[in-house]
Amino acid sequence: MKRIGIIVKSESPDAQALLKELAPWLRARGKEPMLDPPTAALAGETASYPKKDIATLADMLVVLGGDGTMLAAARLVEGRPIPILGVNAGGLGFLTAVTRDEAFTALEHVFSRAFAEEERLMLRSRVVRRGEEVIAASALNDAVVGKGASHMVQLEISINGQFVTRLRGDGLIVSTPTGSTAYSMAAGGPILNPSVHALILTPICPHTLTNRPIVIPQDVLVEVVLVSRDQGATATFDGQVGIALQPGDRVEIRASENKTRLIRFPDRSYYDMLSKKLKWGES
Amino acid sequence: MKRIGIIVKSESPDAQALLKELAPWLRARGKEPMLDPPTAALAGETASYPKKDIATLADMLVVLGGDGTMLAAARLVEGRPIPILGVNAGGLGFLTAVTRDEAFTALEHVFSRAFAEEERLMLRSRVVRRGEEVIAASALNDAVVGKGASHMVQLEISINGQFVTRLRGDGLIVSTPTGSTAYSMAAGGPILNPSVHALILTPICPHTLTNRPIVIPQDVLVEVVLVSRDQGATATFDGQVGIALQPGDRVEIRASENKTRLIRFPDRSYYDMLSKKLKWGES
Amino acid sequence: MKRIGIIVKSESPDAQALLKELAPWLRARGKEPMLDPPTAALAGETASYPKKDIATLADMLVVLGGDGTMLAAARLVEGRPIPILGVNAGGLGFLTAVTRDEAFTALEHVFSRAFAEEERLMLRSRVVRRGEEVIAASALNDAVVGKGASHMVQLEISINGQFVTRLRGDGLIVSTPTGSTAYSMAAGGPILNPSVHALILTPICPHTLTNRPIVIPQDVLVEVVLVSRDQGATATFDGQVGIALQPGDRVEIRASENKTRLIRFPDRSYYDMLSKKLKWGES
Amino acid sequence: MKRIGIIVKSESPDAQALLKELAPWLRARGKEPMLDPPTAALAGETASYPKKDIATLADMLVVLGGDGTMLAAARLVEGRPIPILGVNAGGLGFLTAVTRDEAFTALEHVFSRAFAEEERLMLRSRVVRRGEEVIAASALNDAVVGKGASHMVQLEISINGQFVTRLRGDGLIVSTPTGSTAYSMAAGGPILNPSVHALILTPICPHTLTNRPIVIPQDVLVEVVLVSRDQGATATFDGQVGIALQPGDRVEIRASENKTRLIRFPDRSYYDMLSKKLKWGES
């Protein structure tokens, strides 16, 4: 582990402050911090790397920010099995493993190989329009077909070529276990432990009240066809990459061959994290 | 009751078929059917009226269509206390009082004054941008501040000038009792009997799970300020009239002085209608 | 305001500690604290009063405890329009107005008439078995017909003599606005501002997913008949008073003529309280 | 497949009628119908078998009834991998494969080996009181720790020895995928496709609104300790077998080694069945 890619939530003063300490600290330990040009500027570093070099050459990523920054980092290095350490500038995140105060200790543990890697399922999606692929994208949390600027959408959902239902409402979330505590939860979906090999189909404000979230096996092809004819619907991936849909467009979603590898430490369990983030402990 | 405005869901073949019978049937009874030009064309009628004349001169409205057509009709005649008879071209609606088969009998009852009028609360809303009103609109169902094409919205909600909460998610529905079985229900809101003098604030996919629907008194001013800075959010009224919002825009919503007057017949109660539409009776 | 009834959650050490200070403090101000025998024993007071004398003679009540203690106090003085000051031994409650630290200042405000009274709707219920009333009870939060020890219940619900639906599931909650943040909320019901004149019918785990909470006008008679034939179902009032039901029993619930009068101070609004109790403010 | 155990929902006239045809029909095909004494009496058959002989000797089961009858049948033959054909006396069930009209054709397909078997996960649970097992039970749908006749329960939940949360409310459902469309769904749980290897923990009316359903891997030990001190709580298995709990009791739930084997025919898919039972297809 020599080359350490650093991804930063640039709007966060806390993340910026940590960044300035981190680059020299890494260099003092014989590591090579890899920062893209805007990050290097923030850090006051002279050397920088094109983002795609970080994606292809880094031995690990350190992410300073929140869960949104983690999602972007996961997609950046998709396909290369390198570990990602999330440092939450603010409190505790679902994806970030440690707080700002724990960052340097955590990195020392990483360099001495005292850490676990948790594999997280990713989605691989593509949008097909009149037989042609118009976009392909990966996601760690979810792929969403939503009404966007239109009034509502009508979607036809199939699993492995088998018709499931026609859904009318604000849209459909296809979520990984990782995404189950994000948008899917806000739409009424269950929590999925990341070690369950499954996806969730969570309808968004469905007109038919019995259209409930469904947990399905991971190794299937989900197809969502936009059958309503209004303009404005969108497909978005992790809420960060998106495309305007046209009537008739088909969104294909399946589990990716690639996994995100999150660095974890044994003293903080999945259920501890849920309990803290969801405030179960408080009266 | 001499002048009978007719509003039609023009895409519905059933509504069109009924329309063709209805105009001569009314004339044969000494009534004056008022149709706007496109409706007259559909009906094969030669005489037609500008829509605003129907709005200002009709003694009652007959609506052939579904609940969406009813919403548009209610807004059309807002401020004039004339009764509206909804004839559902398809099955039974929440707002339409009778089915297609019952239409002529129902009209005979109406002309012999054997009917009840049910008053329904309407909303009056306006959007204020940097101190200036940019749109004002009425609604029978709901006023919605939604994310539209943006990723999410952050809203600041006040009631009678008192801060309630900051909401992050897909948006907020301010619904009348009439709207409680429409979009608000899809978002998890309760059913409100139309004789309860109250509004519902229903959050849409809120990030904070304890942001539950709140039922508040009818005679308040609800203010919703868009505090998030992304472009794409919208305010929509009955899902039919809308405007793109800018960060900082304030949407003011209050009960209108005007009511919609729905024609009702005693043999079909509110709870019967709920039971049918929500399929409570079936095992 | 001379006679001050004191009701205490006897299991709470905090409430006990406050109680010991409160009785002498009141006497020093020329007031007559009224404690029932067990409370007097806890306080180290020699004088005590039968509970029914407190109910009939006190000019106000001070409640030291939580919302459960408030419910019991409200039922105790039902029918006599005396104000109740709730002092929360722990944090902040939905019904208690002040914290322990604020108790004496609050009482001084009360004695100098610097307070508001908020009227809260109560329910009056009775259970009728083969034409005979077998129990009558009041409630500030809710009347619940639940499965108790049986497997499930089947209930027939009417409003003002009009059939609404047959409900299968764990039961039905008929809640006041005050009760809307208690059991009804846990079962999926909306929040009702206490100034809305309405009740909520909230089904508990209904088998039919479209059986959603319904908000109905306050001035109606709700009748719930237990039609399933298993033994074990119960009717409970505020979760504190109850009776085992027999098949065919009818529970009648309506708004009471009596209101509970809660002492309130202007610096703490209803929405502040919701926000604190439901942790809306936290990220 | 010689010995055909027949299990009947004895209260159902439709099931009884079918039963009377079925026994002779089977015998005419060289099969040996196995009926317990009350069933034999219903069928007008002279020969009968003790129920435990049916459990140990039958080559397959035919169940005439609804999903409840299926649950009992599944537990009866637990541990013996024989197929079960469910014939729904009424409409279509989640567990029953065919309707009454299809019964004989279905059996002919079964005898000619033209059918599929679908394995369904079962739970194996036990209740431990002061170190001693007081009951052990299997379930195809769910194990439920509920408040029963008490006011509420407080439960401490662990997974594989790791503390998850303390839950206050009406109880907890531990459901298989099969049970996901039963009580768990009424309590707000998601649908789980039976081919997902997972369990659902669904809280029943939790006081903490963020206590959402969690989907966890199948191969874990779930422990639920009753920490509240009121009498009245219960543990029930498939809603059919139960025990009164005492404070401190620990309920242990894990996946059973045994599976239920449901007979399925290729023309009726899982999603078709969901769609019909949940009325997705209707407007």
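Labels A, B, C and D are assigned to the chains in the order they are written; within every chain, residues are numbered from 1.
Rule of thumb we're sticking to: a contact is a pair of C-beta atoms (placed from the backbone, for glycine too) under 8 Å apart; a residue touches a chain by one contact, two chains touch by 3 or more.
Every value quoted in this text rests on a predicted model; they were computed, and no experiment measured them.
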Most distant chain from chain C by Cα centroid: A
Of B-C and A-C, pair with higher C-beta contact tally: B-C
Fraction-based call for chain B against chain A, same above half, different below: same
Mean-CA-position distance for chain C and chain B (Å): 37
Length of the line joining the C-alpha centres of chain A and chain B, rounded to whole Å: 39
Computed distance of Cα centres, chain C from chain A, in Å: 46
Where chain D touches two or more other chains, by residue: 185, 209-210, 212, 278-279
Chain C contact footprint on chain B (complex, rising order): 159, 162-166, 180, 185, 189-193, 195-198, 200, 208, 210-217, 269, 271, 274-275, 278-282
Chain B residues within the chain A interface of the complex: 148-149, 151-152, 169-170, 183, 185-188, 204-207, 209, 232, 234, 236, 239, 278
Chain B residues touching chain D - in the complex, by the definition given at the top: 90-91, 209-210, 212, 279, 282-283
